[in-house]
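Right, I'll just put the structure down here and ask away after.
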Amino acid sequence: MELRIGVIGIGAMGRDHVDRINNRVNGAKVSAISDINVEVATAYAKEIGATFYEDAEALIAADEIDGIVVTSWDPTHEGYVLEAIKHDKYVFCEKPLALEASGCTNIVNAETAKQKRLVQVGFMRRYDRGYEEMKRELDTGVLGEPLLLHCTHRNETVDSKYDTPMAVENTAVHEVDALRWLLQEDFVSAQVILPKKQTQYTHPKLHDPQLILLQTESGVCIDLEVFVNCQFGYDINCKVVCEKGEIGLTNPTYFNVKTEQKDYTRVPSDWKERFISAYDKELQLWVDGIKHDEITGPSAWDGYMASVTTNACSESRDNGYKVEIKFDEKPSLYQ
Amino acid sequence: MELRIGVIGIGAMGRDHVDRINNRVNGAKVSAISDINVEVATAYAKEIGATFYEDAEALIAADEIDGIVVTSWDPTHEGYVLEAIKHDKYVFCEKPLALEASGCTNIVNAETAKQKRLVQVGFMRRYDRGYEEMKRELDTGVLGEPLLLHCTHRNETVDSKYDTPMAVENTAVHEVDALRWLLQEDFVSAQVILPKKQTQYTHPKLHDPQLILLQTESGVCIDLEVFVNCQFGYDINCKVVCEKGEIGLTNPTYFNVKTEQKDYTRVPSDWKERFISAYDKELQLWVDGIKHDEITGPSAWDGYMASVTTNACSESRDNGYKVEIKFDEKPSLYQ
Amino acid sequence: MELRIGVIGIGAMGRDHVDRINNRVNGAKVSAISDINVEVATAYAKEIGATFYEDAEALIAADEIDGIVVTSWDPTHEGYVLEAIKHDKYVFCEKPLALEASGCTNIVNAETAKQKRLVQVGFMRRYDRGYEEMKRELDTGVLGEPLLLHCTHRNETVDSKYDTPMAVENTAVHEVDALRWLLQEDFVSAQVILPKKQTQYTHPKLHDPQLILLQTESGVCIDLEVFVNCQFGYDINCKVVCEKGEIGLTNPTYFNVKTEQKDYTRVPSDWKERFISAYDKELQLWVDGIKHDEITGPSAWDGYMASVTTNACSESRDNGYKVEIKFDEKPSLYQ
Amino acid sequence: MELRIGVIGIGAMGRDHVDRINNRVNGAKVSAISDINVEVATAYAKEIGATFYEDAEALIAADEIDGIVVTSWDPTHEGYVLEAIKHDKYVFCEKPLALEASGCTNIVNAETAKQKRLVQVGFMRRYDRGYEEMKRELDTGVLGEPLLLHCTHRNETVDSKYDTPMAVENTAVHEVDALRWLLQEDFVSAQVILPKKQTQYTHPKLHDPQLILLQTESGVCIDLEVFVNCQFGYDINCKVVCEKGEIGLTNPTYFNVKTEQKDYTRVPSDWKERFISAYDKELQLWVDGIKHDEITGPSAWDGYMASVTTNACSESRDNGYKVEIKFDEKPSLYQ
């Protein structure tokens, strides 16, 4: 039996997920879609053989839908996720889970009331083979305790709508979740430094690059460079300095070339080239989880913790001081 | 509609493919199996929810089967593939397509008579991201014409049933197909050198390592080291020396470690770790091909050409001289 | 004509330099030594065919001495260097030039009064081929302006006399000079972070690792990890993030090994293995400079600037706040 | 006391050695030169403060000369070396020691008659840090016995005087000596393959690339690609496949760059960039050897063995068959 998935929001990311579910994931089909753009969505539904629902809440409620994917406009995420919980439906929501930490808390509360995990947040880095292998290696304890992390998140370029706050909220948020998962620790302080020297390739509304410092409960220090107009490619680095050695994420390469006095490998041009397998795996395991009635991916709680951490980063950036991170007690559902 | 696949032969490779089709490939399910071991196969069929056919030819003929996977004992491949062609069924056959080149010719003739490609041979290297990217890069022509190739095929260890001929027939055969595809050229001569110096880790029936020299029609020279007890891991290398530069396959790595005065990456321990994605992609594209009624993977002709080339290698190894490779004219079906 | 060099202080570093001058450097010989340990020094002088001077100032004043190397106890550096300037002698002084910035100022003033550069400070990183090539590449401007630097200075282990302040004064001081030279900019602020999480391999008087943040006049941000019990080797890294790309120092390696499922290169065990050629080149160029009556290596002013910067780091470490760096106007002699 | 060196032949290589001895080597000076071009040599002698000898044999015989460097026209090497032996003078001779193996034999006989090593041949690879470290690692035995070697010797480009035989005699000869030294074994057979496919960047008198196969006494097989118009740089590779692992020479790099979607290190443009330190060390140790009256570098016997091996390669190339290598018994002087 193939699972019947309903997708709300069919922008670029929504269509990516539709294509993934229909053509690469095992055991599911997109059978319904909803989008505020009725005309486009109707045509698209026809193209992929799905039913179009003008009312997203009707899609969520429909008996013939086994799971919901929320890839709509960010401000609508919270409402759709709450609606899915109300109907006891599994829901995969792209980040952010909600615009504010308080919205995440609403979702956590709703889910906790059901005493069942229904929500998965789209933090796909946890499914990247590099992060997975690093975590496995760290968890053996052979390298001793982690002490410091040096990370970079670099994009080749961003468009003119990308502004200073997005460096934290849209970009660094990936590391915030991935590093919390990697270290199995929460962050207790955040500081954002806006270096005086910026790249000529930025624009007035974007401070680029930025430097983010995080500390965990046990005292691990993290420095994270966010540089979104680095020009040379999509370049994710993560080095974990431990007591007996350092482990670092490599950007997997598939060939190398020697020519014109250079010995080179390629730097990926964007996140698709780098993380496409992680996206595929993320959705496959979500589908598998629904089948087994138990999902294990990033939870609503993880979405909440990412939110409180990025909020602290933003406060630090705007005010210049280091911010202590406060968060609620973790409900037993997420232990 | 999910395709209904029948699998003949449920040894290790057969079960791998069953698992792949049922859990990772999109759009197909294994609905029937056949195997000479009735008891084991009956139980396994039950476990995976498939029908057991005692008679493999009945499975092939069954209306409810859309495609056949042949992973049975090598000597039976030819017969099952011919039977599938007879019933106009798509068939995926693990290498070797047939024990002898003449068996491959029988299949080519049967398929040519139908004027339709039905057969795909399990040469999965063509689906490896490294080979794919190398080929794309070579095809741009930026590096000029290929002149020389330096290759290695190394296994950590082999069992005591693995003997001298298998280095060509089971191991080098992968390079034989992959390099022919990479260069888009046929081989015209083969020479196998058995070096006097062997590893202490081999046994009396296995000459290890071996050196294979191949030349293509245009005059490209290839040296291929086959070393199946190299002890340190599964290590596939392929460097193509061109007029303006060299391009080499890298073994993708996902993390690196600095510890104990070493800076290291992992060498995979076996072919599964190295080529698992290629196997997944091979089957996915075969399934997609059946749906579109057009398959594009390695053909019966490719199986035939691999066979004549490895036969020439074996003749050279047994007789010590360089062997010219003769082959039939390519039927238009495979152009 | 070989230059006649007098060496004051024949501890490990002094003897290293003696060996270097006598056996690897072209154009000079150690003809005199002085050391407070008369007995040992007398025997050593005999061994290397040099004259022993009980009075270091007499050695400095001696007509038959063309250049002085000061490798004595740190608190004596300032006095010997001033004495050499008084006698118009070229003097190579190991870091630190003086214990306090004020001592460096005394030397700068004495040298400025002579209107001639006589002093070279032992910052050998500038002579490392890696730093030299990076600087040449940066100076072409192809990568655009430098924006951020990520650096590490790691030692395998240190002895029990190495304490918290030494991480700045003896270790980070190398980066302080090398980065100032690399960027051709002075530092304007310093901050030292002592992470709560430390390695189990440190001792009560040493906070290990430490994180140092520096900013230059133009606003380039530098983070420098100092970790002196990292266990795995001597590991110097320096990545310069520019507007169009990143350039990084590599630890040159001479061979790589694949064995036991690892593909590794060696990490050097100590600074000698890593920087021995830089030390040789530093002394060779100093000798060549004396011959041409013009020395170009790190100057007394560079010694002074290193001192004010490390002092600021120490103040930040002890007080927890970011420290603005103040320094005198640069005399024209050093332009 | 500085050694007084006489240099015969002041072409490019001769001047390189003069510069090396006068400016980088410790303990020697070039005090005399000789060259057939009287005018140029007189001026050069004046420039470097050396005496010009019109008669090279007078230079060799002169009491005030402690060691001879022969960098003259290849056909004159043998005569000058024999003359130096006659006068019991240490002589450093650039390769080839003699044009024919018989000439090498004359030198070996003359030296053996003196029962003292006086001759060093300019095989500088043995002094390269990479080869040295590989040899040390191999000699530990940790990787087991060497079984196969894969080597490349690539030049960016050669001039129009460089013809087919030079690929063996001027280029491969470096590997011939270095690998014999690395393995501590002599070669017993040689085969040269001229691939039908050549680079467009060669000219009618040069077959490029070429493939050389060598076997040692114990049965180690070596494949060596010589490709002297490879366009992309000077690229020396040497991988030794052993029973438990592979060790390979790396081209040391000093920085890496990420820019324009590439992550690259530099490939050296010529042998000077790659092996300059090896040349320096070669001459330094020769000078040190003269001082201690015992030289240890590549001997006349090594020159002879290189000669018989390259002769066998040439015979194979011209005739197409594999050639067995015959050589004299090694005199006890060279044990």
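So that you can tell them apart, the chains are marked A, B, C and D in the order they are listed, and the count of residues begins at 1 in each.
In this section, a residue touches a chain if its C-beta (ideal position, glycine included) is under 8 Å from a C-beta of that chain, and two chains touch if they have at least 3 such contacts.
What you see is a predicted model; the values in this text were computed from it and never measured.
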More contacts between chains, B-C or B-D: B-D
Centroid comparison with chain A (C-alpha atoms), farthest chain: D
Between chain C and chain D, centroid-to-centroid distance (C-alpha), Å: 38
Chain B and chain C, separation of their C-alpha mean positions in angstrom: 58
Inter-chain centre distance, chain B versus chain D - centres from mean C-alpha coordinates, in Å: 45
Touching two or more other chains - residue numbers and ranges from chain B: 231-232, 235, 244-246, 253, 258-260, 265
Interfacial residue positions of chain B with respect to chain C in the complex: 156, 231-233, 235, 251, 253, 258-269
Residue ranges of chain D in contact with chain C within the complex: 2, 22-27, 129-130, 132-134, 137, 142-143, 244-250, 252-260, 265, 277, 284, 288
Contact footprint of chain D on chain B as seen in their complex: 144-148, 150, 152, 193, 195-201, 209, 211, 213, 215-216, 218-221, 223, 225, 227, 230-232, 235, 241, 243-246
